[in-house]
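A single structure is presented below for examination.
In order of appearance the chains are A, B, C and D, and numbering begins at 1 in each one.
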């Protein structure tokens, strides 16, 4: 299941639905990204490229499944305005063994961070600013080359 | 929160309670281990050393928090008889950034696998057998040295 | 005729998310040169191409890519999803 | 007097999860030698120490460890939690 949506979602509900949908998995890993309450931050605004986002994420999920033998992988990503503490996105990955489930989830996160067409803008008490891509995210992606 | 229990638990409920308990976290990682339905497997029986299990896991959680700057880490582990498909255990880790949340959860899993006083016995259609420790689990643990 | 779309600060700097362009450009780089000549806002948006990424028909590519029969070219900053 | 506890296949092989032992052993290894002499079941349990782990007063240690004032010594196979 891949969803790019403005509506909030319940991470526990998704985790349970993901678990229930698996067969043969011994390991389930989830990652959830949350709007971190840094000093002065009011919230995030997330923009995306609707015609490209879903196909790009589908490609990443396909690559992760093939590379790590994942049994399944789900991605949910929100766009629009999010308040501090809200869940931005979630990845779930299942595999027979834990190593592949962890690696698959990390691989997906690295690709989503730097290759999915989404952009974050911070709304702060002192103004707004687009979030700069981090060198560390690009380096994190390189380790899968 | 650390719990060693025979009762089943709802992983989505734990994931939501963990998320709600965090403050300042940008990244939440959960791992859930499930009884994999290998051919001939009826279920697992998990034995543990009650006087040692909780303090041993507390030490691991303390080490993970210190090493990766985790904001929080929860461990729930079941013992007793589990059927195929049941959740054996769950780890949740939170950190400001994803790298530490992933590493903290993997570190905890490696230690729980090989250093927490728990033992799995397989009940199979053709008999019972204690699960052998895997060399790969010991090697996985060594990477944190 | 090609559709050009912009996201994030490129969209804000140019003042539009989408425009139709009549062009003979054969590569992305040639299209960028034409777009930069439209007005100072476009010029500013493309002033430092190290901060600009491009997708042709919704597939990430680079500035040397041919446009061929492309219908939609998108320009945006490095992604910050996740 | 020391309490010795066994888990998993060591418990099954010895046929008991717990026993009280009167011992003058100064190290875990000396205790193992005494326990092995009790009967063939104990001997079998300790036949290959590469497959046995030990905790003294609920802390993992090794066979060289002193018993000192230890109250409880546990023997078990390599752990298979998680």
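Note that a residue touches a chain if its C-beta (ideal position, glycine included) is under 8 Å from a C-beta of that chain, and two chains touch if they have at least 3 such contacts.
As the structure is a computational prediction, the values presented were derived from the model and not from experiment.
S.K.: Touching chain B and chain C alike: which chains?
M.R.: Both-contact set = A.
S.K.: Centre to centre, by mean C-alpha position, how many angstrom separate chain B and chain D?
M.R.: Centre separation, chain B to chain D: 26 Å.
S.K.: Counting in whole Å, what is the centre-to-centre distance of chain A and chain D, each centre being its mean C-alpha position?
M.R.: Here chain A and chain D have centroids separated by 48 Å.
S.K.: Taking the mean of the CA coordinates per chain, how far is chain C from chain D in Å?
M.R.: Chain centres of chain C and chain D, defined by C-alpha means, are spaced 71 Å apart.
S.K.: Could you tell me which residues belong to chain C and also touch two or more other chains?
M.R.: 82
S.K.: Counting only residues that touch at least two other chains, what does the list for chain B look like?
M.R.: 33, 98, 109, in rising order.
S.K.: If you go through all the chains, which pairs of them touch?
M.R.: Pairs of chains that touch one another: A-B, A-C, B-D.
S.K.: Show which residues of chain A lie in contact with chain B when the two form their complex.
M.R.: The touching residues are 10-16, 19, 22-37, 87, 96, 98-99, 101-102, 105-106, 109, 140.
S.K.: So in the complex, which bits of chain D are touching chain B?
M.R.: It comes out as residues 5, 7-9, 11, 55, 58-60, 72, 74, 76-82.
S.K.: Which residues of chain B touch chain D in the complex?
M.R.: 33, 46-49, 51-52, 55-56, 77, 88-89, 109, 112-121, 130-133, 138
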